[in-house]
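Okay, so chain A shows up in both of these, paired with chain B first and chain C after.
And then the complex of A and B:
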């Protein structure tokens, strides 16, 4: 009896949470398969569901969608660049601090932790100024550099903690076997860190893919902005094409969902590695 | 193959000195075991030889070349770790060939050397497996295979059998010894297990608190321990040791007279030591009361009380004595050990 009651309580919490999460997504989906006239009908299922909105988006057949492919390419380019760069910086830093034990490693770790105290929004204006100084405004690189700056501390922290868990004897065995630090890094360290690297790479990639504030600030040309900012432009007029906005949003949400699904095995293990000191 | 020379080796960790000027010469092809309790510095000494720890003072030479400032990889040594330290993402074959791969050796040579080592260690069926798919003993053999493949000047073993169960440990002990007899490579082996040391070593260095207490071949250490520490550390069950005073060529202790052959002046306070197998039950002698009888088949271990002190007696064959019964003990004078009560040194 007690067990059933506990189970029931669990369901009582789970069902509202599930609805709370799924309802907006269902809403997006509903809009995206409705015609413009029936979009606001309030029905739970449209009378004439259609996929025409997606066709309109893919063929860029609307004023707001003239740069759809370009913008989604920008999103992809920026996200991948952020993922790769963050991974490169954080892996090198974690290896140097955790395995080679370079001087000042602790300071770097403390500094990385300290950056958590500064909300990203605080840095938006200084970052804008800095990018302006270097003439990077309106270049995709400005957003890439800004996002790498924001993602790196956490990435270094997580990878350093994960590195610490690798048995130290492996490094010693490799040294005796004749490995240089670079060979140790390439042939022993990287293969063993793969799960954490996948997790952190995905984290940085998705962080950049989902970014709006910095993208909005640093990029303003229609052919340099990522799709996230492009979506925002839909709301610029009084009569927004909601059905197209939602169809585009659904398309935009698909890659992260796919990536997360593909790497879900690594995400939980990789991101919680280093969550607690063991 | 090579000689190894330690000269006045000192090691500090911060302000703590863990090695106090160790000197040790190992000849070509010798199997030397460093044995001692945890924290005695034996692993540190080995790791200094491997180049994994800095040398605070003194010199280490391999084959006549001082290697203090030589990188691990250029010392031409191979090491077997307690945790095996196999690369988990490589197969047995890749693990064993890794050092040669790093030296950019030809594929054919690597394959041939790995095959030879695998044959010696009976690892041929497992070459394509990953370490996680092997048992503890097989992993241990892979770790040894990795060392053999390199054909190094010196083999280093850091407590390689500690992670194995008792039966496997005995089997691997034999394998390592057989391997050494076959390859004749100079070997330095660290263990805290004195039985491993006794059975495998050409010579044993007993270490304690950063010093070598005694260096010698196994039976020399057993028969003539230089001090109380070595006497208590070597031998299982441990030597019986108790306080006494010398009188007319014997030792008065525990209310009885114990025969002695050490050189002590009359009336000197000593520690009297006698191994369990040199203390036999007899028809007459020192009266004792049996506490526990542990039959082991070929031998019987008896714990008996003389006065208030419990002594261990090891006799061949079986005993009919039961707990609470009185027996007589006959110590063999030729095997009695006398140590100075103050310094603990052999008399």
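And then the complex of A and C:
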């Protein structure tokens, strides 16, 4: 009896958690397969589920969707650029700080941590102003560089934590053999760090793909905005086609979710370990 | 000995340097070169913008205008309420749910995979989805309320307190999985023997929590709460995408107010808004940096 009661109590927690988690997601899905009429009827399941909304989106057959493919390309381009650049910058920095023990490395690490802890929305204001000074506003590079700035501190921190754990004997052996720092980096360090590198690359990629605030501050030109900002445009009027917005939103949300779950093995271990240490 | 076989060819190659040792760059030089890209990013996109921003915020007149703006006072109150209520409710839920998710059942592992979704998907789609759900006329929530009670539900986003509450709900929905994971990791690090020993001594579930779990994860809980407060202060999406700061600019928080001033082309004002928050943010940042450095 006691055992059944304990199981029942677990289910009593599980069911609200499941509903709470999935309701907004289900609602996106529900809207995206509804016709305009049934979307606004408040039904829990449409009378005639349809995939027509997705066709409309793919053929760009609505005022808000005229640049759909261009925007998705921008999102992809920006996310990949941020992933590659962050990975390069952070790996080099972590190697210099952790393995070469370069003078001033600690100061740089502190500067990076400081950037990590400053709320991103606060940094957005001076960043916007500076991008204007640099003449980068409305160029995709402004968003790429801003996101690299936001992603690298955490990337460096996690990679430094991971590389501190590598055995120091490897470096000594390499130095005795007369290896150059670049050889050590390429032949020893990178292969050993691969799992962390995958996690960090994915982290930066997703951060950039998902970003809204910086994207809408820095880019406003029809041809440069990523899909996130394009979705935001739907709110410009009250009678927007919500069912099309939700279909587009589903297309926008699917890739990051898929990537996250594909690399979950690396992500959970690699990222939460460094996030907060007790 | 396989290890030696592998080591020797590499070693031989390295023993015959192509260039004389003198012309090689030293390790420290390479360190500086490899650190340079990040230092450059920091100088150009953090240090310069922040210094420039602080310089823009030097006029006392900006603060005068800011304090005279009726929206500002409301914003400060909203921000404090948001920080205290949303962060603490989120952490109590995370503490509770982390205790649920550490149960060893196959189906709970599956549930935890689903539970991560809000954190894994981008903010816009889900927040818009919640926004439509809350529409007073055709939203899902009010339709259900009408079907169950035959009465109209509240006008969720048109009432400032309700709208701010909903923004907090959105924030919690989005951030809860991450912090639950963190606290779960903390709980899993507690040695099992402690629980077994307390079971033998006849401890109740509450006593186990009070004397074993809580002392072990208290530091993690407090550190995480502080860190979450800093980040929640910068949570722009939950408020902006749900309410847009409305109705009548009554649900702004500092993060959205700063951006609002930018959109109105008042950058000095926007910077002043942020400077006002710094006395609160900087001690927290300092504390967090000390914590992380202490761990090395």
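Keep this in mind: the second predicted complex is superposed on the first by the 256 of 278 C-alpha atoms of A that agree within 3 Å, B and C clash if a C-alpha of one lies under 4 Å from a C-alpha of the other, contacts with A are read in each partner's own complex, and residues count from 1 in each chain.
Just so we're on the same page, contacts are C-beta pairs under 8 Å (C-beta built on N, C-alpha and C of every residue); 3 or more make two chains touch, one makes a residue touch a chain.
The shown structure was predicted, so the numbers you read here are calculated from the model rather than taken from an experiment.
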For this session: Mind working out whether A:19 is in touch with chain B, chain C, both or neither, as first, second, both or neither?
Result: neither
Exercise. First (chain B), second (chain C), both or neither: which does A:178 touch?
Worked result: both
Exercise. With the two structures laid over each other on chain A, which partner does A:51 touch: chain B (first), chain C (second), both, or neither?
Worked result: neither
Exercise. In the superposed arrangement, which partner chain does A:191 touch: chain B (first), chain C (second), both, or neither?
Worked result: first
Exercise. So, does A:228 touch the first partner chain B, the second partner chain C, both, or neither?
Worked result: second
Exercise. Touch check for A:260: first (chain B), second (chain C), both, or neither?
Worked result: second
For this session: Between chain B and chain C, point out the one touching more chain A residues.
Result: C
Seminar exercise, completed: Residue overlap on chain A between the chain B interface and the chain C interface 173-174, 177-180, 183, 187
Exercise. Touching chain A in the complex: which residues of chain C?
Worked result: 7, 10-11, 14-15, 17, 24-25, 27-28, 30-32, 34-35, 37-39, 41-42, 44-46, 48-50, 52-53, 56, 97, 100, 103, 105, 107-108, 111, 113-118, 120-126, 128-130, 132-133, 138-140, 142-144, 146, 173, 177-178, 181-182, 185-186, 189, 217, 219-220, 223-224, 227, 230-231, 233-237, 240-241, 244, 255-256, 258-259, 262, 267, 270-271, 273-274, 277, 281, 284-285, 288-289, 291-293, 295
Problem set entry | Interfacial residue positions of chain B with respect to chain A in the complex | 50-52, 71-73, 77-79, 81, 83, 85-89, 98-99, 102-103, 146, 150
Exercise. Any idea which chain A residues touch chain B in the complex?
Worked result: 167, 169-170, 172-180, 183, 187-188, 191-192
Seminar exercise, completed: chain A residues touching chain C in their complex are 10, 13-14, 17-18, 20-25, 27-28, 30-31, 40-44, 88-90, 92-93, 95-97, 100-105, 108, 110-115, 117-130, 133-134, 145-146, 148-149, 152, 156-157, 173-174, 177-183, 185, 187, 209-210, 212-213, 217, 228, 231-232, 234-235, 242, 245-246, 249-250, 252-253, 256-257, 260-261, 264, 268, 272-273, 275-278
